[in-house]
Amino acid sequence: MNSTHYPIIMMLLFLIVGVSNPVIKKKFDNIEKTIIMSTFFIAISLAFYTFIFIKIEGPFFYNFGGWGRKFGIEFAIDGFSSLMSLLIVLLSAVIVWYSFRDIGHEMDDENFISYYTIVFLLIFSMLGITFSNDLFNIYVFMEILSLTSCGIISIKHKKVNFLASFRYLILNTLGSLSFFFGIALLYMVTGHLNIIEMNLAIQQVWQVTPTNILLATGFIFIGLAIKSALFPMHIWLPDAHSSAPSPSSALLSGLVVKVYIFTMAKVIFNVLGKEISQALDIDLFLSIFAAISMVMGSIFAIAQKDIKRMLAYSSVAQIGYMFLGIGIATELGLAAGFFHIFSHALMKSALFLSAGAIIYKKDLRDISKFDGLGYELPISMSVFTIAALGMIGIPGIVGFMSKFYLAEAVILAGKPYFIVVILLSSFLNAIYYLPIIISAFIKKDPDREKLLEFDDIPRSMYTSLIILGFCMVLFGMFPNLLMNTITAVVPTFIN
Amino acid sequence: MDLIKSLLDHINYVGSVTLFVIGLYTVLTHSNLLKKVIGINIMETSIFLFFVSIGYISGGKTPIIYPGTEDVYYVNPLPSTLILTGIVVALSITVYSLSLIMRLYKEYGTLDMDKIMEIRSETQDE
Amino acid sequence: MKKIIFGLLLSGLLFILISGILEMPALGSLDNQSYNEVTHYYIENSIKDTNAPNMVSAIMTDYRFFDTLGETIVLFTAITVVISVRIIGVGKSHYLKGD
Amino acid sequence: MDDLIVKVISKIIIPFMQVFGIFVILHGHLSPGGGFAGGAILGASLILLTLAFGLNDAKKKMPHSMSKLVETGSILLIISLGLFSILNGYNFLTNGASGFNLGKTGEIISAGFIPIATLAIGLKVGSTLITLFHTIIEED
């Protein structure tokens, strides 16, 4: 077997295990856990092998059925998509390892098997969107992704979950339909669905039917903006991310939104090309909306009392950073945006998982009651603190580096006024994160004795929290581990 | 006169775009959950109509090759194929949203989104 | 009030869309940009490549089979999700009371 | 609903509907139709059965465990077609080149894996439709 098949085998692995799970297993037991974790182990090794293989041999294209890119479907497996797939597989492995104990607290026992089936299909579709080089194929995967991401919310049988899931589904479908209509308009004038062929065709028809390209771009962008919760279209996000079970929130906030942002970058730079997107002023619009998003998301977050709602609004703000990176559209700006995809995935999943640990142990969602919690749950609260400090931008943690790169990119691109927005957003972040840390570690609680005791949470939960905390500090101290790969990939997007 | 001729030349596209906007209007303005789903379905159908119209060639035959037929035009088979996929996706979305609506009706006792939001905000204040 | 605002906004959208649509190639003409070499390839070579006279079938289950696989997975997902919402644990949501 | 005319008529036409569905599925690569159309016809016949004889009788004919098997099995069948191509040294889901018999144009057993794939899709769509219908009308 040729090693170019490995990404496909990795995807199929998730598909086969996910699909055959409900048939072969009736009960959720240790065998099931072993199956799930060994699937992840094989997938991680395949993803890692692909990543190394591409570093040595260079990117390649994979044609399904061997028909070539004009007639069949093609996967583009390049440096960034392999890095992204590695992130998806690794992070979801950590989250799933965490979820083994946590889901018992969140949902009915009979739904456990369905939960992991849905999670596996979710990972499958994210990998598909990441690799795919064909717009219609991306649409099909997007539909799987929207069904599964609503499914992991509504699997918890509470009133709020059904409502959040329904609103998410309706808006998600509006987004998909808008994206689909954009594809239809593009197909009408180009006659291709493959991204590379479409780019060549657009450069020819761009002068003939500019209105069509403009309309199509508008539809595709509104669709993707709804799905990735850019500011005015973010209304589904707080409900969906806060009501979901904690592992689902981590998956949704850490990975699903990022996949749509990556698709947005693909559309801007690979389908349209840099010149046409600048002629249509896309970068300007994106950076303006991103700036509004960064400020407004933080302002909304300050007003929240529920910890998971606060984290969800904070996601809205952080999504603005990534779009700002894409909107600047220089090499460094794009690299900073991509770097923030990774750092935010680490930080936000750590935040949601530690919030989940607090809810698991103390059944506590109200921020004002966190006094002295750091002495009772030291591991979860320290991971929470590391991630929160990273969000604020304290040096040494991964979040600082992405803000630093972004600020550098903004200055080099000659748009220094965005620095003000970045600083303002960091300041607002500090306003809502610092009180939690202070009350958890410094404030005295009369009911509690100040004895430092070890977290009384299951082992799978704190090991995954420790792994995430370690990664945040590691990439904060040595950002070049990631940044070197990203800067090597970015020129293929821009040119 | 030119405008009318041009409209007639693009009649399918105009129709599908109009349907798209009608569907969007239904989704945005009606607070009844079922009507929202109906609006989504109208939008989906409009896109299917649009896609199939792209592939249409006047005088073209169905893209099935029978032996002995030569020198005929076939319509573009690719959009029809894509729409087959799209129909199934639309079905899945509709079924899932209907099942969610059934649960929502059981939990809240109403199908009206505004009333549901009222009930929710009352329970949140407590 | 809401209806009027949305109605005005969406009729603006409709106007823009129709005026954009009218610039595009007419319905059913042979010089459509989408009737390009890809379509000609499918029409001329699908018999040779796959031996299936029905071109739609040939594209659906051969040239673009991966889409079809993806969409059977959509169906599977729909079933799993609907069952998880509708059937499992419906009668006994005892510990999930409240909001 | 307990109506004699509906029951008798559906008893007569359901076999014809199912035969027609299978015909459409098997001739998917030769004539109009294919996996989706045929599967929808099969599913419609079972929905008619449910409407005429009630949910309990229909569930005996098509129990949930069986439809689950069909749904999983058809996806696994499609994947195994693709893995066969990979084992023969070609890309995933390669048809003629990787050793599937293309046969003669116009025969039922021709065109490589297209009839198998159509059959899998048809069964999948039919069983999905009936499962979804049963799930939706179930009383809770």
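A, B, C and D are the chain letters, set down in written order, and residue numbers restart from 1 in every chain.
Everything below uses one rule, namely that a contact is a pair of C-beta atoms (placed from the backbone, for glycine too) under 8 Å apart; a residue touches a chain by one contact, two chains touch by 3 or more.
Quick caveat, the model's predicted, so the values are computed rather than measured.
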item	value
B-D or A-D, whichever has more C-beta pairs in contact	A-D
Distance from the mean Cα position of subunit D to that of subunit B, given in whole angstrom	25
Computed distance of Cα centres, subunit D from subunit A, in Å	37
Chain centre separation (subunit A, subunit B; CA means) in Å	29
Separation of mean Cα positions, subunit D and subunit C [Å, integer]	21
Residues of subunit C whose C-beta touches two or more other chains	17, 24, 32, 34-35, 38-39, 42, 47, 53-54, 56, 60, 62, 64-68, 70-71, 73-78, 81-83, 85-86, 90, 99
Where subunit D touches two or more other chains at once, by residue number	31-32, 34, 72, 75, 79, 82, 92-93, 95, 105-106, 125, 132, 135-136, 140
Contacts with 2+ other chains: residues of subunit A	15, 19, 22, 64-65, 136, 140, 143, 147, 150-151, 154, 159-160, 162, 187-188
Chain-level touch network, classified as line, ring, star, complete or other	complete
In the complex, subunit B residues that touch subunit A	20, 24, 27, 33, 36-37, 40, 43-44, 47, 50-51, 54, 78-79, 82, 85-86, 89, 92-93, 96-97, 100-101, 103-104, 107-108, 116, 120
Contact footprint of subunit A on subunit C as seen in their complex	16-17, 19-20, 23-25, 32-39, 41-42, 62-67, 70-71, 73-74, 76-78, 80-81, 83-85, 88-90, 92-93, 96, 99
Contact footprint of subunit C on subunit A as seen in their complex	15, 19, 22, 64-65, 67, 70-73, 107-108, 110-111, 114-115, 117-118, 121, 124-125, 128, 136-137, 140-141, 143-144, 147-148, 150-151, 154-160, 162, 187-192, 201, 205, 209, 211-212, 214-215
Of subunit B, residues touching subunit C in the complex	6-7, 9-14, 17-18, 20-21, 24-25, 28-29, 53-60, 63-66, 73-74, 76-82, 84-85, 88-89, 91-93, 95-96, 99-100, 102-103, 120, 123-124
Contacting residues of subunit A [partner subunit D, same complex]	1-2, 5, 8-9, 12, 15-16, 19-20, 22-23, 62-66
